[in-house]
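Multiple structures follow.
You will see subunit A twice below: alongside subunit B first, and alongside subunit C after that.
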Partner chain A sequence: MVTELPKTDVVIVGAGWTGLAAAKELADAGQRCVVIERGDWRHDATSFGAPEEHDELKYARRKGHMIDTPIKTLSFRNTSDQTARPIRRLGSFLPGKGLGGAGIHWNGQLWRPLESDLSMRSHYTERYGAAVLEGTNVQDWGVSYDELEPHLDFFDRVCGTAGVAGNLNGEIREGGNPFEGPRSADYPNPPMTPSPPLQRFRDTARAMGYHPFQMPSANVTRAYENPYGAQLHPCTYCGFCERFGCGYFAKADPIICIYDVVKDHENFELRMNSHVLRVETSADGKTATGVRYIDARGREVFQPADTVCLNAYALWNVHLMLVSGLGTPYDPKTGQGTVGRNYAYQTMAAVSVFFDEEVWSNPFMGAGALGMTIDDFNGDNFDHTGLGFVGGGYISANQTNGRPINYQPTPPGTPSWGAEWKRAVRENYLHHVSLACHGSSVAVPQNHLDLDPTYVDDFGQPLLRMTFDFPENDRKMSAYVLSKAEEIARNMDNVRAVGTSNNAAEGQGYSVVPYQTTHNTGGAVIGTDPATSVVNRYGQMWDHHNVFVFGACLFPQNLGYNPTGPLMGLAYWTLEHMKTDYLANPRPLMDA
Partner chain B sequence: MPEFSRRAALMQLGAAGLAAMTPGAAISQNPFASFDAKPWAFLTPDEARFLAALSDVLIPQDAFPSASQAGVVDFIDLQLAGPYGKGADLYLQGPFGEATPEQGYQAPYPPATLIREGIARFEASGTRLADLDASGREDVARRLSEGEGVDLGDVPAQTLFDEIWSLVKEGYFADPIYGGNKDYAGWRMVGFPGAHAYYTDFIGRNAPYRAPPRGIAHVPGRSRSASPARGRPAAPIHPATEEG
Partner chain C sequence: MRNFRKTAVVLLSLGMGFGVALQAQDFAGGLGNAELERRLGVESVLFNATIKDAPDDDMIELGRLVAMGGAENGGSGMACITCHGVEGHGDGSGAFPRLDGQAGWYLYKQLNDYASGARPNRVMSGIAERLTEPEREAVSAYYAALPAGTFDTARGRIDGTLLQWGGQLAAVGSAEKGIPACVNCHGPQGTGLPPSVPYLAGQYAGYMELQLTLWQDGVRDNDAMNVMEAIARKMSEEDIRAVSEYYARVANPAEMEAIPARELDAPGAQ
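For the complex of A and B:
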């Protein structure tokens, strides 16, 4: 028995950053929006207050804000000849749950893509020849930096981002990232205050001829009102950022930045604790008719809609397409099909810097986006001739989350437990910083997402299955960027030991156990060719013109940057085309 | 007075000294004997003794308390009795089968069962970990951590070790409301000031931050004494109160 509800203009699956942005923009445009969210209602004011929120065990270890694997997980294997097993416990990445989605537990590291990132295939082909991309599925995004710039800028304003523009309308400026594309305006707020280790990284990197700058931060630095009228407060550097919600209203999140200003809109309705099972399609298959979901009372409901927006977490958007039969599933054997193709991740390595007692890092002070960064080895900011890889990553001294259960720095050679371990933790905790190498991830034919043949979720639907290992390209890239970071560390003063770690080290398979990043990308990528993309350059499905797709699942390959900035730029780009072009005259916005 | 047994602590101290002089000497007749009288939420006294013995190898006593002295076994007991132990956040649907280390936790039961069965398999060999001397305990810890040289039947030794080591670290460093980190032992050891956190004016300063630790429940602790200079003895277990 399925309850059919009255039709709405737009149904939006997921109440995170992109879902709430879509609801706000489309509701303002006169569209009646129904947002369907799997998790609980919550609010920064009532759910994330200190000191109760500052509970490392509950939120960082037991992952109180993350998706519960008994309800939603996926299976994983490194290669197609293995049997995938369910990710029974979250580890390598942490999708969120509830109002605001993963947007409440992010760090607030708010980046934008390089101009060359968005045309990666044409750019590298032109500069180095097509051979450097052999064996990869690297492709152009189909949307240019200039087209995205106003939307990237708008999201900086939604968040109250703190930083210094390195390129203001073409003028390179001291203190910012000189490699970034031109910005139409400076950041709305001044940069964060660097801690002692960050000051030392900055001075050493500069002396080595690099271009350090303060990481752009959505942990805001002064009282701020965003373009929607939402109020944010200055960050206290409390050190409980990633994996925590911010009760100080200092870390931009979808609840305080968007939900609060749309919740009373006459065109807005939010249905919590409602789990979307599938998108339904019309008899001719050309359009979606709405979504079927299990509501908070356990009833199966059909919500008809003229337009369907998929705004779930990147992996879940792909899952929803696969279980709904939207688009054509990718087959790695033939290379045909697009849904699940070009899954990519983030290639993380790190240098551990141990200071002597002259330098106090006090790692418990910090903020999610408190970092001093160089972009000299990201994207194609450096000459790749003869290196044998494409892409790169930023190197950043980050003082973000130095809480004592997860942060126990010990110099190389320290035993992993026992008396020596204990002494090393005690001696180094207050005198240590990590340099993150935040590397890109190319798409390759073998890495992909599909449906698991064996395992099912709580609703009886097959789990999403991830097949992934670090491509050779990224292993080389990561080793290279890591070596540059290590050089900087060894040139810093007051350093008595340096250690390195590399998730993509040669001979080491990608593992879902240690946390790396929640930057899962691709699987429903954007582009201009329906043979290699799920959506056209406006985020509209090639196969079903009234389905629009949002989020990092759109990335054709992953950048050397955190995904929230780029994916929100894409979201506002898509929404603009929906508002100004599509809704008045629904049709495919590009010819297939 | 912290709740850990003074007697057990003294025995440990004595045993450590003894073991240093005469390797192989028995640690005591009845280590962690006070555990028999405790109202455990999940553990049996024997299981508690196993966990105390193992966790004190992982975090032994020095100038700061050992794991069991800091309440780690009490912490583990409450964790295993609660949602974590029962596997509330674990996908536990089958089938279970061969898996790679990269695929993570694949035991067909939750942590409470893993630990109970693991200890039972180990002690079924007739050896009780708590009865071994210091080097014997360390040897077992090493074999468990490497997953070699110890027969636990179908219980994966490395998974068992990783789960316990993870719990031990949590018990030593989590907020004291969860039963471990007694008297802020772990936080004082590293210099972590706790849950009440406003550092806007301090973040740029290259200086020690000396506020005493304070947990979620607002109970202030004693501050860490000055950071022990290398080569000198570390701070005492109960350093004099510096502030507040």
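For the complex of A and C:
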């Protein structure tokens, strides 16, 4: 028995960053929006306040804000000749749940793509010849930096991003990132206050000829009102960003930046604890008719809508398409099909820097985006000739937290337990910083997402199946960027030990067990060719023109950056075209 | 904690603590240097009182001297105890907060800010300007090392709904108004987070009301992370009164720890 509700203009799946931005923009444009969210209602003031929120065991270790794997998970294997097994405990990545989605437990590191990132295939082909991309599915995004810039800028304003513009309308400015594309305006807020290890990193990197700058931060640095009228407060450097909500109104998140200013809108309705099962399509298959979901009381409900927006987490958007029969599933054997194609991850390595007694880090005074960064080895900011790989990553001295369970840095050679270990933790806790190498990931034919043939979820639907291992390209890239980071560490003064780790080291398969990053991308990528993309350059599905897709599932390959900034630029770009073009005259916005 | 408890018991047996110093200042009381040194043997007291270096006998002695109005340089020209009392209990006028057991670095920063004008105040600015750097540090350490006394800072009757609203703002803030909860920074039960965040529990309502209003008006603008102005600006007059009256009625947890439960339950005790 399925209850059919009255039709609405727009149904939005997921109440995270993109879902709430879509609801706000479309509700203002006169569209009646119904947002369907799987998790609970919550609010920064009432749900994320210290001291309760600062419970490392509950939220960081037992992952209180993350998806419940007994209800929603996926299966994993490294290669197609293996049998995938369900991920029963979250590890490598941490999808969120509840109002605000993963936008609640992010760090607030807010980036933009490089100009060359968005035309990766044409750019590399022109500079190095097509051979450097052999064996990859690297492709252009179909949308340019200049087209995205106003939308990237708007999201900077929504978040009250803190930083120094390195390129202001083409003028390169001291203290910013000289490699970034031109900004139409400076950051709305000044950068965070760098801690002593970050200052050391900055001075050493500069002396080596690199271009250090402060990481763009959505941990707001002064009282700020965003374009929607939401008010944010200055960050207190409490050290509880990643994996935690912010009770200080200081880390920009979808609740305080968007939900609060749309919640009373007459065109806005939010349904919590409602799990979308599938998108229904019309008899001719050309359009979607609405979504079917299980509501908070366990009833199966059909919500008809003129327009369907998919705003779930990157992996879940792809899953929803596959179980709904939207688009054509990708088959790695034939290379045909697009849904599930070009799944990519992020390639993470790190250098652990141990200072002597002269340099105090006081790591408990941290923030998610408190970092000093160089972009000299990201994207194509450096000459790749003869290196044997494409892409790159930023290197950043980050001081995010000093939490007691997680943060126990010890120099290489320290036993992993016992009196020696305890002594090493005591000696190093206050004198340590990590340099993150946050690397890109190319799409390759073998890495993909599809439906699991064996395992089903609580609702009887097949699990999403991930097939992934680090491509050779990314292993080489990671080793290269890591070696540059290590060199900087060894050049810093007052350093008594240096350790390195590389998740994509040669000879070891990708593992879903240790945490690496939640930046899963691709599977429903954007482009200008329906043979290699699921949505056109406006985020509209080629096969169903009234389905619009949002989030990092759109990335044709992963950037060397955190995805929230780029994916929100794309979201506002899509929303602008919906508002100014599509809604008045619903049709495919590009010819297939 | 054992030393701390003994100290408090000694205090009680001397008949000090309860129900005194509400209006009039007590010039005669105060702990002797030996007692303060004993208290500094307790880790939490030492941490609370440490500003740059751990306070030693000389510093506490100097601090006590400054509090009494004397000092090598002629002092501030006015004794702290005139308004804040030897025990640091202040009074309920709204102008004179209690200082007993307050975070030392916080007190020290306030003196610097009074002197620099970052926290303008017609009485305190002149006093702070006349104190030398070591005197500011010493007098802050002295008051920080005192036990947070047990006395009733709340005055008069108050509407229960208002008080409940104050408690709610303190514990979970307001999602509607975008006000973060006080406990975020001021700690569970308003104990403060030394060295930088002062306690609110047991502070005078009138004083807290005045400070929130000064923040709201942009007159006071000196908190370390600059968060108070934005918070105060989101609060109505009623919000400010509610949360101030609420915290005035929360027993200071330092004293809860120190005093046996049966004493607190005794008739007449608050």
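Observations on the model:
As a convention for this text, the second predicted complex is superposed on the first by the 592 of 592 C-alpha atoms of A that agree within 3 Å, B and C clash if a C-alpha of one lies under 4 Å from a C-alpha of the other, contacts with A are read in each partner's own complex, and residues count from 1 in each chain.
The rule we apply is simple: contacts are C-beta pairs under 8 Å (C-beta built on N, C-alpha and C of every residue); 3 or more make two chains touch, one makes a residue touch a chain.
All of these numbers come straight from a predicted model, not from anything done at the bench.
In the superposed model, A:Glu357 lies in contact with subunit B only, and not with subunit C. Contacts of A:Ala223 after superposition: subunit C is touched, whereas subunit B is not reached. Of the two partner chains placed by superposition, only subunit C is touched by A:Gln231; subunit B is not. When the two complexes are overlaid on their common chain A, residue A:Pro51 makes contact with subunit B and with subunit C alike. Once the two complexes are laid over each other on the shared chain, residue contacts for A:Gln82 go to subunit B alone; subunit C is not touched.
In the superposition on chain A, contact is made by A:Gly247 with subunit C only, not with subunit B.
Touch counts on subunit A: comparing subunit C and subunit B, the chain ahead is B. In the superposition on chain A, A:Arg426 makes contact with subunit B only, not with subunit C.
Once the two complexes are overlaid on the shared chain, A:Pro462 sits clear of subunit B and of subunit C alike. Annotation: subunit A residues 50-51, 234-237 touch subunit B in one complex and subunit C in the other. Those residues of subunit B that touch subunit A in the shared complex are 57-60, 62, 64, 84, 88-93, 95, 97-106, 138, 141, 145, 165, 169-170, 173-175, 178, 186-187, 189-200, 202-209, 215-216, 218, 227-230, 234. Looking at the complex, you find that subunit A touches subunit B at residues 50-52, 54-57, 61-63, 68-70, 73, 76-78, 82-91, 193-196, 199, 234-240, 357-360, 362, 364-366, 370, 403-405, 408, 416-419, 422-423, 425-427, 429-430, 454-456, 509-513.
Subunit A makes touch with subunit C in their complex at residues 43-46, 49-51, 222-223, 230-231, 233-237, 247-250, 256, 260.
Taken in their complex, subunit C has these residues touching subunit A: 171-175, 178-181, 183-185, 187-188, 225-227, 229-231, 233-234.
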